[in-house]
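Down below is the structure, laid out as structure tokens.
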Amino acid sequence: MTARPLVPLIEYEAANDAVRAVYDDIMATRKTDWINNFWKVLAHDPDSLKRTWESVKQVMAPGALDPLTKELVYVAVSVTNGCEYCTYSHTAAARAKGMTDAQLMELLAVVGMANETNRLVNGLRPPVDSAFEPR
Amino acid sequence: MTARPLVPLIEYEAANDAVRAVYDDIMATRKTDWINNFWKVLAHDPDSLKRTWESVKQVMAPGALDPLTKELVYVAVSVTNGCEYCTYSHTAAARAKGMTDAQLMELLAVVGMANETNRLVNGLRPPVDSAFEPR
Amino acid sequence: MTARPLVPLIEYEAANDAVRAVYDDIMATRKTDWINNFWKVLAHDPDSLKRTWESVKQVMAPGALDPLTKELVYVAVSVTNGCEYCTYSHTAAARAKGMTDAQLMELLAVVGMANETNRLVNGLRPPVDSAFEPR
Amino acid sequence: MTARPLVPLIEYEAANDAVRAVYDDIMATRKTDWINNFWKVLAHDPDSLKRTWESVKQVMAPGALDPLTKELVYVAVSVTNGCEYCTYSHTAAARAKGMTDAQLMELLAVVGMANETNRLVNGLRPPVDSAFEPR
Amino acid sequence: MTARPLVPLIEYEAANDAVRAVYDDIMATRKTDWINNFWKVLAHDPDSLKRTWESVKQVMAPGALDPLTKELVYVAVSVTNGCEYCTYSHTAAARAKGMTDAQLMELLAVVGMANETNRLVNGLRPPVDSAFEPR
Amino acid sequence: MTARPLVPLIEYEAANDAVRAVYDDIMATRKTDWINNFWKVLAHDPDSLKRTWESVKQVMAPGALDPLTKELVYVAVSVTNGCEYCTYSHTAAARAKGMTDAQLMELLAVVGMANETNRLVNGLRPPVDSAFEPR
């Protein structure tokens, strides 16, 4: 099994101005001094890098849901999809925002249960109860 | 497109004692007087009904994560998997636990973003940063 | 929600010779006098119709696994993927080959459990035990 | 790519009584003297460990379906979901229950075919035939 | 089965200025005089509406890939995920950009084949050939 | 994490006549002198090897869609499903057919966007617009 990415990592030193501007904003927003590999591969398309970063920044900002809850949801989706990199990176992000081991284990229990009952439903096909209809 | 379930719904009146005992516990736990269709189809296998209900009851109980957060995660997984019944039932459950429209919309924005970046990762295959390695 | 297929159904009477030849083989092989809608939409591409039918016929024939076991596996995959049409058609096919209600319920219990533990694994990422390595 | 799990493995010697009780039951039920890594990571949540093990034990026991058929279904789901650990562990379990190479290859042929036709259906959206409606 | 969306449709007449500005841009960009239901539900979160529309507009614009190829890819993903609404809307969009019936049928044949071989790979786990490693 | 396949690779020298005939056709069709690992594991079932190769050969041949477009679609599906081997092999195949880095990055942007909006749709469940209904 290979660990080589499909395109080479673009390090800060080798990046053009458009990419550096995004890297700078990532580090400033996250109050860190490094860039993780996801952005370094995405940097091969500076428009996509900028659009994706600005979307993530907007979506993950505090709002009606707090940042930790958002990270838990991100982990739940990544685990459901089986994305290894995303599971490691967003579990680390959730821990940095205060997620405990007990919370991680409960999160995964919910994710597992939802994946199970989703399939029981798919196999038995009960009609949606009228009480569940949106108002 | 059909709405008929793969097995008939088992109503309380027609249920055997084992099924009724689970139905009673569902209604008592949820402080409601009705049973939703998911359980009525699952009741064709009383062991599976009992096991699934007791698992859901344990997993969704308050713990290191609060019940609303758990419902949000359940919706996130159901939406990622495209399970229609589960999306309606758990969105209704989340609303009953206080989820606002603004929270629903933010939740879906996070779910959408995670599904997007999961695939950018799948396509570019960046190596997991050592900083993301668990301690 | 619409029930209209993306391309119109091609009925036997309106089919060209290439399509009719496949329809005839489906009915002869299955010992029935009708064609289900899956083939009627696929018939818009006679090459694809012929290739898919011949593949299904070969793959689902008795071999190292018996036909009922193969249908159960087909249902398991269709349920995992959430394919409504496939769930109805292959559940019906499995029943025609002798699947009982009890077998259907146990099948779905296994499918649900596998979907659950797949995600517990995705979230915790245990290394593959050396005892599980193929010889 | 990292092989480190998201939480450390809990070995028997370091396990608390609740975890050891489950480990003991796993070994007794399976007539083995070792515990595979899945349970060692899940052990960080003893309630989840106990619930999951008891569910797996109940679901995979002989019933209306025999244990080998259940393992084949487990492999089919794990392969469809792309779960690497689960594919290795349940393929090993199926081999231990008698699955031959020929059966494995036929199983995967069915899994592949089902995944293909599921998508042909998703793209063409034929209506469910009335003959497939449950009684 | 219900067709009611989880939040009500927001029509142009009832929309606030932020939503109307996006609706206007959608109609101007697409040279149409109507808004499809996807945007009318997303409009419950004007920020999400604006961000998603601007992302779609940027990503689907002519570039290194032509617009029809992009629509074919969009259909391929939607079909793989089993998203009904997306399959209808993007198949219609692809037809509007010139997709023929023959192209649709070939597209689905490729999608089906890829979904099949993806699972044969998942089940057999061949190592990545060194010749496939990126330069 | 292991890289060992579930069944051993069957090299040309060790292959029987039926397998060699397929290997020869693969090399002749692709104008290469080597066989990639996918076929070497699939060769454990010569019928499945032959059927799959002939299907791939037919489906990927030039037709209403050109071969590069078909490879792009294959990559899109493989990325959506998270199939590592398939992503490497079909990205390599697409590059061999002329895909540029810019095209790869745009392709992944479309794949990411489709995966995102598929889930926004799954969560909000807008009804299919009548204008999207097939004629």
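When the chains are written out, they are named A, B, C, D, E and F in that same order, and each has its own residue count from 1.
Everything below uses one rule, namely that a contact is a pair of C-beta atoms (placed from the backbone, for glycine too) under 8 Å apart; a residue touches a chain by one contact, two chains touch by 3 or more.
As the structure is a computational prediction, the values presented were derived from the model and not from experiment.
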| item | value |
| --- | --- |
| Chain D and chain A - chains in contact with each | B, C, E, F |
| Between the pairs E-F and B-C, the one where more C-beta pairs touch | E-F |
| Which listed pair, B-D, A-C or A-D, duplicates the contacts of C-E in over half of its pairs | A-D |
| Rigid-body rotation angle, chain E and chain B, from Cα fit (steps of 5°) | 120 |
| Type of chain A:chain C copy interface by residue overlap (half), same or different | same |
| Centroid comparison with chain C (C-alpha atoms), farthest chain | A |
| Chain whose Cα centroid lies at the greatest distance from that of chain F | B |
| Distance from the mean Cα position of chain B to that of chain A, given in whole angstrom | 21 |
| Averaged-CA centre spacing for the pair chain F and chain B, given as whole angstrom | 33 |
| Numbers and ranges of chain E residues touching at least 2 other chains | 1-7, 52, 55, 59, 80-84, 87-88, 91, 102, 104-109, 111-113, 115-118, 120, 122-125, 127-128, 133-134 |
| Chain contact topology (line, ring, star, complete or other) | complete |
| Chain D - residues contacting chain E, complex | 75, 79-80, 82, 84, 87-88, 91, 104, 107-109, 111-113, 115-120, 122-125 |
| Chain A to chain E touching residues, read off their complex | 1-2, 4-8, 47, 51, 55, 58-59, 127-128, 133-134 |
| Touching residues on chain C, where the partner in the complex is chain B | 1, 3, 82, 84, 87-88, 91, 101-102, 104-106, 108-109, 112 |
| Complex interface listing, chain A residues touching chain B | 3-7, 9, 34, 36-38, 40-42, 52, 55-56, 59-60, 63-65, 69-70, 72-74, 76-78, 80-81, 83-86, 88-92, 100, 102-103, 105-107, 109-111, 113-118, 120-129, 131-134 |
| Chain C to chain E touching residues, read off their complex | 1-2, 6-7, 44-45, 48, 52, 81-83 |
